[in-house]
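Beneath this line is the structure, given in structure tokens, with notes to follow.
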């Protein structure tokens, strides 16, 4: 693989296609405006620049203006949502993603009522429309576009369309669980390390660095292969929770590190000092003062991590360290299909197309979300 | 400079140590891992397993096993469990193939990314920019094995322009070498071009708003000169950092998927096989190999940084 | 009469942004002659920097719209080709920026940055000649050991020295118009005085016209011949230094003057300030822009007051306020005595 799945890691550089939202958390008082205006006027978005999260108003707001509807008083997330609604591409691909999710959720219905065959039912001697699903040399049949074997068969005579939907379910579930793990623990680790520093940081940071310093695919495949042999505790080796868990843990630092940096910066800010001086409990400061200001970073990471997790699952499954037989995922289907690239290219390319479409939809939606939260990333300037 | 080298060497040693302990440790803590059984085969009798365990020292405490293994690695005598091949010589003989794959691919993606990123920034919002945006986002959404598969299907099977898989060494036949490697090169490069050019583009657009760029314009420099001398130069650093690390991990075997797919006998392919077999010695050597390159290129990039930016001083 | 360098007529600059159109400059008119120092004064975001940068074509961009006219020695700048502008920038009009730390390229030597400018306009000058000239310029603006310092990088300079280097750079081709955009704002107070002294020397020893953009009225009193006061994109008042300082006609101007400590008057009990903040330029108030903050607002203020001469004896003293001149003078005196009616909380 080229660079490992996670493209956004190095140097805190960017998400899939750009950089992380450089949050504006300083209360951008109107007095800050001038520097903006003088630098480059095409960048002078008065106030609109001060997007994402803003601390409680320590600085005076301009007096309500007499005329016209105004953006004053509209929350940053509301503004972001308004911007996202204007981004038709992001909305379209968001809809595509939802459609894919729905179709995959309905896999059992398709399997039961349309294809009349289960996802793991092998049928090497079966026929469809008078043709056998496997040729004498074992080459599976291509797409028939009929209820049976709509997308053809796999190497064991199983219905590819049924497996595609079930596989999609598996891929999405693994991606989803991994993302939840990443978001919950990444945020937690970042908050703790960044806020308490000292001993907590001294323990958490090297742990994150350690995981982070391995290419995710190599780490994932090594751990995945080992765990697939005997499982962990009550979880069997072929459970889909194993790859989900591995992927989640591998990517915790990818969120934890930026959050930690963010928190380190936020904790030095005046409004946090103010809370501290008021005698607020550290946990309360973390949850009610710091976390809300890191939320837009976290939101930006959700689609990014989901897309990346689904991709890593495909890599692991391709290398035999992810989803184990007889379960299918898009990764295992591509892996199985590549053997027949010459004779039945659809076997690998159809699951591949599904995988790419899904990940692409999430990424485009994610980019839209990022731009909505950080509109300056979009402003176009001429040199 | 001397201090820099010393400190970097020390940190390299520390990283190699940490990596080796961790990789070794991972396999120690995994409950289902039983190397003796793995070597003896699934159907081996308990007696055979016991003999194997004794022979490889799997009964010894962790630190003894670790020290033994390290000794074997640094004396070049370590063998893998699967085929009893000497791991170090295996890495040596496979490394040229990995270099053949990675260096041209990296050059393709870096040069293409600088050109495309610049074009995209200069034409921000116009067609070229949007096309690149699409390419970048598709690039991060396709796993490399799928892109490789699509290229293979289209160019090797359908159009038969390129051979399907395999490898010819550069020394035996340079033309064939390139011919066989073009598809793998582009499989690796294409996906990175989009991402790198996108990062460069956003750095460029940030840089365009810097005060000193405005000064350069105010001095009456031509647009090209402002761009080349002031904007581009300052924007290259973030991508160079990314590049150093990506390149290092690729050399260390991170190209394993591509090497497996295209059947290129590089270190990555060896590592992939070893990982599949839970064959600790090659995995361990591979991890240390990667760590070595990561440190080496980290230091090199820092030197380049210091050359490009006088504010940067070389420190450990 | 001195040569007329700049003629700006009803200049308008607006920028399209995500949230609407920002009318950054709305009808600015002025002239600049050789040897003259024109101060443009205003709060942050009043459009003073945009005005000066527009003269150099530095505000051009896909989102920018321009109207009106700005002529340099009779040549239109707003519609000039990018190539023509390149020849004007640095050679005809040069600029000193506010923040010398970020305005100099961090990765090039100071001397080389000056050489680059000289050679951008005259390829025939050899690198060595240009470098000697750069050193000479640096000496002229008071940089010690200029020859050695020319080989240093900006981060090796102190703030004041960097600004001197900026000035040296701006002077390198003896421009007709020198724009100093808040050249002292980012500096320490003591350094400010030195840089200001440098600009004053310039005024005396060169025949450039200088536009001095600032928010600091104290500085203005020191060096300006004429003053333009801007508020929220519009010129609210303009006139000679004395007219503005001794007979300010717009409540904003006298508010500004009120917030400066003056040696020639009794100190007020509290240093007054103008309450409130400037309006957003996207949704500016109808009529006079100062209206929401003005204690003297009345019905007529909903109409935009034209910029015109209202003081009979001073035909070049223009302002944008509907109040009668005598009425203004009375109100000004009262306000001066008690501080602003609505004192800042």
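Quick notes on this one:
Each chain gets a letter, A, B and C, in the order it is written, and its residues are counted from 1.
Everything below uses one rule, namely that a contact is a pair of C-beta atoms (placed from the backbone, for glycine too) under 8 Å apart; a residue touches a chain by one contact, two chains touch by 3 or more.
Being a predicted model, the structure only gives us computed values, none of them experimental.
Chains that count as touching both chain A and chain C, per the definition above, are B. Overall, the chain located most centrally, as judged by its C-alpha mean against the mean of all protein C-alpha atoms, is A.
The largest tally of C-beta contacts between two chains is found for A-B.
Set against the C-alpha centre of chain A, every other chain centre is closer than that of C. Note: centroid distance chain A to chain C, computed from Cα atoms, is 49 Å.
The distance from the centre of chain A to the centre of chain B, with each centre set as the mean of the Cα atoms, comes to 23 Å. Put simply, the C-alpha centre of chain B and that of chain C have 53 angstrom between them. The set of chain B residues that touch two or more partner chains comprises 125, 211, 214, 223.
Shared interface positions of chain A, defined as residues touching 2 or more other chains, are 40, 380-382.
Of all residues in chain C, those touching 2 or more other chains are 62, listed in ascending order. Within the complex formed with chain B, the chain A residues making contact are 1-5, 7, 10-11, 13-14, 16-19, 39-40, 43, 210, 213-215, 217-218, 221-223, 225-227, 229-232, 237, 307, 311, 314-315, 318-321, 331, 334-335, 338, 341-342, 345, 348-349, 352, 355-356, 359-360, 363-364, 367, 377, 380-383.
Across the interface of their complex, chain A is touched by residues 15, 18-19, 22-23, 26-27, 30-33, 105, 121-122, 124-125, 133, 136-138, 140-146, 149-150, 152-153, 157, 164, 187-189, 191-192, 194-195, 198-199, 201-202, 205, 208-209, 211, 213-214, 223, 226-227, 231, 238, 241-242, 245-246, 249-250, 253-258, 260-261, 271-272, 275-276, 278, 283, 286-287, 290-291, 294 of chain B.
If you check the complex, the residues on chain C that touch chain B are 56, 58, 62, 82, 86-91, 94-95, 97, 99, 102-108, 116-117, 120-121, 153, 155, 166, 169. For chain B in complex with chain C, the touching residues are 125, 210-212, 214-223, 225, 229-230, 233-234, 308-311.
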